[in-house]
């Protein structure tokens, strides 16, 4: 086996162990790198920022445990901004595990303690609603015929915030965070195409390329691009959290990946050129 | 015009036209008037099966974990057409085919596709459905780890993956690459195309998957739909080009028209 | 301080075991996998029952008997397991497919076709040279990628015209590269959350 | 007769419901909108029933495996036990997912598994990047170049040192990805619409299952 071939065939266990170490070290000892805010997150922030106090926002938790590590920080930072602005928030979940994400998020946001918000008056949680796009269309179209109780089993007649909603036009903004392409496209179809409501969306970074055409066409007013978007939001809202901590870990792991890509290419071209030499 | 929603009138007209065009396309397809160009990845399939024969190792054909009820049904249908073609090739050239299954609904059709291929080549006695088309699981990670287990046990020489794929695409592509298999990948799930494009030796990008399926099956429903979609793409190109030229000249007519 | 919470220990165990598969297949991973499948199916049932009560039963209790219809349709889904009357399940499925397909295609033609054409038909010249270049790249990318997907007119892929879809293919491959790079970050940023959990909530090394 | 009941009425249901959904979007007729509001609410209930289908399949597959003492059958038993635990804890309190007991088992079992299963794909990405992201020909050169620049821009360290990396990534997204993906999205969108029309018209019948 030539040197080139050895370089091309580093055992996977070794590669993975190096990657793991690259995650653990900066988690224990962060470098504290600065953040550069991207335009897509800035647009999300400004869209929310420009809403008048007391506007009603429909906020969808469209992710479960799989998406929590990246979209959880997005949700926490985004809700901080909304509560800070004294917006009223109707929260729902289109993902099956979304209702289990809600307590995890609210534990960190603490709207009562931090912002003096009151459940039922300033925000409400409807829980998981089955049917994805069917659920979106139903909640936007006529929330009173679709929903009878909130997550805790309180009749919606007794929830003052929901009494303020008379139709889709009551919502000043639809904001969603999801790991599912169907949900991400669904909100564009149902809220933007159907009711011309302003929509902002957050998703895994890997989904951003395919959903960016909506942002370019004006259907999405802003995008939170995975953990990067979450870190931007934490930075803009001055609520540093897991995403900003993740920034340093990301630096280390991505650098390791880059090094491996370079090793892969050097070994590939090295063995290819040395083979050609041998043939001569 | 009070009964039509404003801002969506052009969309509505486009929708009605799509309705008519679908009919027309299928009608043309039935009359054999639709010709679809052959894609290089299809020629590669013959190479892939030939390679397996030479190496004395099996061929894997994975159609993904889609069902007929989800919105990716067309991709599953395309994957089934490819499976049928691969079954023909394997039977004719004498390679052993494995096509593990993930969907209870799709599995009987897949079996039918493979059986038809072997039957047409006169090799039906060589087919063992239970061994070659096992049901693994409909749950993503159980399905993925099932495939990975089969792969490391059987060491396929070539693998053909055409259909809807989710996050498991990278696990498959990486594992088969490690085993030194020739990989042909194809999916129209936008999020997963990059992995196949990066790792596979041949790739069917997005709609090429449908075209490949239609080409191989010759089914007028599929070929006709491809024709109809082509008309719409051509319309999009023409409107886009004219619109951009006009807009550059200061006349944003097309984008105004689109918001009627 | 290492956690004293049993739940955190169980979670840590499952986190480590689920990771182990990337290194090598092992029986602990199988155990975790089977646990996950069972738990996920159980969770789906709990949410299903809750939704049936919340969105169906409360309507009936509130004096809307028409909501018996979806409840009956829902129950009929399970006839698919009957050897003779399996075909009855087609009724609820037909209903779900109708509503699902209708609701998605009506928006698709607006958001994916009309709106995207409108976004393409924008002025190419911008106020800055770089802006103009950017507009041209987006425009060329859109149009050439579209031509790549034309299958029934072979002429477009031959001769001098053949360059147009070829450029489209390269543009798409470049775009896929970007998407690939971005996905690397996505998966890592997801896993980091688990590393933070292990180090903070379980081992108490960081705060 | 049986053909009608078994095949044509379901196809008719799909057609009617699908057409109402489409008309609800394009027209302002109150009767259509009212009907569709009811249909949407029904849809939520029927979908909720469908959530149990997965569990029934698991009972069939794993029940059989336990009865036949098939491969890993004790794990099949454990799988069904976990399923039952979640259902019992979820339904016995009367508060479903809002009870603390349910939150506890969810946070201890399902959350770490769900979060780790998906995220451990990062290891496959790392290996894949090392083994596959190689410049083999002109096609892979294009893929390679943008991938490298996006990774560079995504790594917070590099833009912090040299902001150009950050703007290069933003530029790649703004131009190359926007353009190519818009083309792909138009095509895929039309494909979905044509499939939808075929389904509503009853030409696509795969969902009806075995004949």
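Observations on the model:
The first chain written gets the first letter, and so on, giving A, B, C and D; residue counts start at 1 in each chain.
Convention: a contact is a pair of C-beta atoms (placed from the backbone, for glycine too) under 8 Å apart; a residue touches a chain by one contact, two chains touch by 3 or more.
These numbers were taken from a predicted model, which means no experiment stands behind them.
Comparing mean CA positions across the assembly, the chain most remote from chain C is B.
Ranked by the number of C-beta pairs in contact, the top chain pair here is C-D. A comparison of C-alpha centroids places C closest to the centre of the full protein. Here the spacing of chain A and chain C, counted between their Cα centres, is 13 Å. Distance between chain A and chain B, defined via averaged C-alpha coordinates, is recorded as 30 Å.
For the pair chain A and chain D, the distance between C-alpha centroids works out to 16 Å. Residue positions of chain B touching 2 or more other chains: 8, 11, 15, 18, 69, 71, 137, 139, 141, 170, 178, 190-191, 195, 197-198, 205-207, 232-233, 236. Residues of chain D in contact with two or more other chains: 22, 25-26, 38, 40-41, 43-45, 47-48, 51, 54, 97, 106-107, 110-115, 117-119, 121-127, 129, 131-133, 140, 143-144, 147-148, 151, 154, 173, 177-178, 181-182, 184-188, 190, 192-193, 197, 207, 209-210. In chain C, the positions touching at least two other chains are 21-23, 33, 36-37, 40, 43-44, 47-48, 50-51, 55, 59, 93, 96-97, 99-101, 103-111, 113, 115-120, 138-139, 142-143, 146, 148-149, 169, 172-173, 175-180, 182-185, 187-188, 190-191, 193-194. Against chain B, the residues of chain C that register as touching in their complex are 21, 25, 29, 33, 36-37, 40, 93, 96-97, 100-101, 104-106, 109-110, 113-125, 139, 142-143, 146-154, 157, 169, 172-173, 176-177, 179-180, 183. Those residues of chain B lying in contact with chain C across their complex are 8, 10-11, 14-15, 18, 34-37, 69, 71, 137, 139, 141-142, 145, 148-149, 152, 170, 191, 193-195, 197-198, 205-208, 211, 226-227, 230, 232-234, 236-237, 239-244, 246-248, 250, 252, 254-255, 258-259. Within the complex formed with chain A, the chain B residues making contact are 7-8, 71, 178, 189-191. Only residues 12, 181-182, 193, 196, 206-207, 209-210 of chain A touch chain B when the two sit together in their complex. On chain D, the positions that touch chain A within their shared complex are 25, 33, 36-38, 40-41, 43-45, 47-48, 51, 95, 97-98, 103, 106-107, 110-115, 117-119, 122-123, 125-127, 129-136, 144, 147-148, 151-152, 154-157, 159-160, 163, 166, 170, 173, 177-178, 181-182, 184-185.
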